[in-house]
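Structure incoming, see below.
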Amino acid sequence: MLAQLLQFLFSGLTVGATYALAALGFTLIYNASNVINFAQGEFIMLGGMLAVFFTQAGLPLPAALALAILVPAVVGILIEKLAIEPVKGAETVTLIIITIGASLVIRGLVQVFLGKNTHSLPAFSGDTPIEILGATLMPQSLWVMGVTAIVVVVLWYFFNRTLTGKAMLATSYNRLAAELVGINTNGVLFMSFAMSAALGALGGILITPITLTSYDVGIMLGLKGFVAAVLGGLGNGLGAVVGGLLVGILEAMGAGYLSSAYKDPIPFVLILFILFFMPRGLFGAKVTDRV
Amino acid sequence: MPALLDVSNLSIHFGGVKAVQDVSFSIDAGIVYSVIGPNGAGKTTLFNLITGVYKPTAGEIRLDGESIGGKSPDELARRGVARTFQNLQICMNMSAIENVMVGAHLRLDRNLIKAALRLPGLTRRDAELREEAFELMRFVGLEKYRDARADSMPYGALKRLEIARALAMKPRLIFLDEPAAGLNPKETIEVDHLVRKVADSGITVVLVEHDMKMVMNLSDRILVLDYGKKLAEGTGEEVRRNPDVIAAYLGAHA
Amino acid sequence: MQKRAYFGLYILIAVLAVLPFVLPNSFYLDLAIRMAINAIIVLGLNLLIGFAGQISLGHAGFLGLGAYASAVLPTHFGWHPVLAMIAGAVATGILAALVARPIFKLKGNYLAMATLGLGIIINIAVRNEAQWTGGPDGMPVPAFGLAGFELSSDKQWYWVVAALLAVSVWASLNLIDSPFGRALRALHGSEVASRVVGVDVVRYKVAIFVMSAVFASLMGSVTAHYVGFVTPNLADFFHSIELVTMVVIGGMASVYGSVIGAVLLTALPQALATFEGWETVAFGAILMICMIFLPKGLVPTLASKFGKAE
């Protein structure tokens, strides 16, 4: 009983950590620009696929992983420079279509150059499972959770203790005011895209040894990251992390106890309920329109 | 005769900010009633409360004796309450005359099926309404914008377009939130005359305005707000002499 | 101004009337039919997105509900296709109405999330219930007949769909220039202004959402019968995006833009097939370029360039 529950919890936390990273990516970009970046999932896919590609090309693991984070970050910057900055202030639908266009381009390019096959990555520290109260935990899960925890702490420090981080936060609260006090808000936008792409890619790399990867895994991962971000209250960093873990856990529990065929819709059913009863998500701020 | 609008002990809090606090006043039918006060005194918030855009934290609002506090804007519209906005709320995706026609929303047959089938009764009524809307545009001095798109009109004209839209509701009570803000002196005088014309047509006018000449010129009674509280109320002369009002406006603490 | 709006309708009718006689072969006739079907769905969706300013990223789900109603009910329960089509539309309408009230208290991105979730749930359900739907492989759909007359040839289908399209364009033009349509556009232009003139905004948003969902469901049924086969792809997220893209590329809040957008995006994959393997990249790039350079969509941008009101 307990062992089974624990087992589901472990797998939920593992995949939830990836969702949390994706949700943080959504949050960063949303705060900087009010854009929902539907290409976020492709960064996750890109991280995993590039890590596979670079290791197969013979690069040592650390170098391969660094490149697999760096390249998506550059892609993120390109999207921001070429497609988001030129249309500042466009309607929400227009922005959504642009980021969906970007996601198709990324997915299409990966499909052309890296193929349609499913790939795996060796686990970072072996495959010997760890026994905890009758449940097994893969070492790679510890990597996923551990790195995510570190990322969260680093991000917290960045936004609360460094000038650049505070400037980014200020921009999300009031763009015009931030510009008036001399913050380079375009720079902030640029930073957010680079950071959220890197976060997504990192999640994609970490999870690949467990769930495998292919050119088309980005859609679902991205959408679930979006669910997590909305669940936590769009724009709230802590909410994104909690939302991600919650989505992961509920999905694992649902797959374990209810039906594995209906694992994928669980987050979406959940989000409908949340939006019906708590329209701003768990931690979202109440907004009063000024007229 | 009871007052048309009766507000008692009205308050609203946003978090810890008490934007309107314990305000009471009443407005008789047929008069021009002005609300004045420094920026941030709670004038627009008061309008938002009475027209249903915000829900009051406490207090009561009565229209013709019926309690209307917390009712939605469309329910208030049904009861003949109209308003304009300090920050323009014109539908830029529509033509000028359509903006006015929207004001007549509640007086029309809004059936979806009939509309899709373009039934003759509906079209005829719509053609009549177009004429009616044009009459209103003429009334507010916008006749030359008959075929204009809203997003091609100058600011001053849009301010008056909002008044025309509000009038299309055939209201009993109209709230004008800074109708002269941002206008040049000539336009301000025109709006002054327009408000007079509206009042003369039998509609009770509630006015928020910073142009004191206009306020003193038009108002039968004046309410002065400061920091969300009622500072004074009375005729122009009474308010002008009130020491608290003088202190608030000159910044001296009497 | 109103008179001129209907001018395009006459052109459309003329084009529809001539088209089957000038199309070189059945490949193009088939393409024309699918364009017209998409155009009808997009007309409904544009009323929601372009005119009322509300997003839906789940409309393919409603399309799928209609399509599968027309496939499953006659096949497994022996229902008459007409009855199945109506049942699908009614069920879609009820579902849309049930979820719409809470959904439309939300705005922008939250709305996008809720509709997207709904579409994905429908799609996965269709994929999983293989004993009824054939699962990922899909299932055949019986032919459509009414009163002893069976719609079989592409020519017949063409005339039916063309007539539906003409009527839909006419009805859309009527609607936007009515009290109902003005209220819809007004709540897009300024929600608070439309509320204070008496528009019950949630009710209007729900009404147009339900209407566009029912449109999609009915056209899903038509698609199912016309193609003779349904697969879950009809109801997937990507298809929802395709439909929204048709709206945005043709032009938001433009009736004729809906038709143009549907025509172009239905033809695009055919045109891109020559790029072998690069279709996805090209499709994505075209979306981005269109949105960056023509953010209002083709028809409104061209109309304002040539100084004509649509």
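Note that the chains are named A, B and C in the order they appear, and that numbering of residues resets to 1 at the start of each chain.
By definition in this document, a contact is a pair of C-beta atoms (placed from the backbone, for glycine too) under 8 Å apart; a residue touches a chain by one contact, two chains touch by 3 or more.
All values derive from a computational prediction rather than experimental measurement.
Student: Going by C-alpha centres, which chain is most central here?
Tutor: If we average C-alpha coordinates per chain, C lands closest to the whole-structure average.
Student: Where centres are the averaged C-alpha coordinates, which chain has the largest centre distance to subunit B?
Tutor: Looking at centroid distances, A is the chain farthest away.
Student: With chain centres taken as the means of their Cα atoms, state the distance from subunit A to subunit C in Å.
Tutor: The answer is 31 Å.
Student: Using the average of all C-alpha atoms in each chain as its centre, how far is it in Å between subunit B and subunit C?
Tutor: Centres of subunit B and subunit C (C-alpha means) sit 41 Å apart.
Student: I'd like the Å distance between the centres of subunit A and subunit B, where a centre is the mean of that chain's Cα atoms.
Tutor: Those two chain centres are 47 Å apart.
Student: Find every residue in subunit C that makes contact with two or more other chains and list them.
Tutor: 192
Student: What are the residue numbers in subunit A that touch two or more other chains?
Tutor: Each of 291 in subunit A touches at least two other chains.
Student: If you look at subunit B, which of its residues touch at least two other chains?
Tutor: Residues 53, 85, 89 of subunit B touch two or more partner chains.
Student: Which part of subunit C faces subunit B closely enough to touch in the complex?
Tutor: Result: residues 1, 170-172, 174-175, 177-183, 185-186, 188-190, 192-201, 207, 211, 253, 309 of subunit C touch subunit B.
Student: Spell out the residues on subunit B that touch subunit C in their complex, using ranges where they run on.
Tutor: 51-53, 72-74, 76-78, 81-83, 85, 89-95, 98-99, 101-103, 105-106, 108-112, 114-118, 122, 126, 147, 149-150, 162, 165-166, 168-169
Student: Residue numbers of subunit A touching subunit C in their complex, please.
Tutor: 30, 36, 83, 86-87, 90-94, 96-98, 100-109, 111-112, 219, 223, 226-227, 230, 234, 261-262, 264-265, 267-269, 271-272, 275-276, 279, 289, 291
Student: Using the touch definition from the top, list the residues of subunit C that touch subunit A in their complex.
Tutor: Per the stated touch rule, the residues are 49, 55, 57, 99, 102-103, 105-106, 108-110, 112-114, 116-118, 120-121, 124-125, 128, 192, 237, 241, 244-245, 247-248, 252, 277-288, 291-292, 295.
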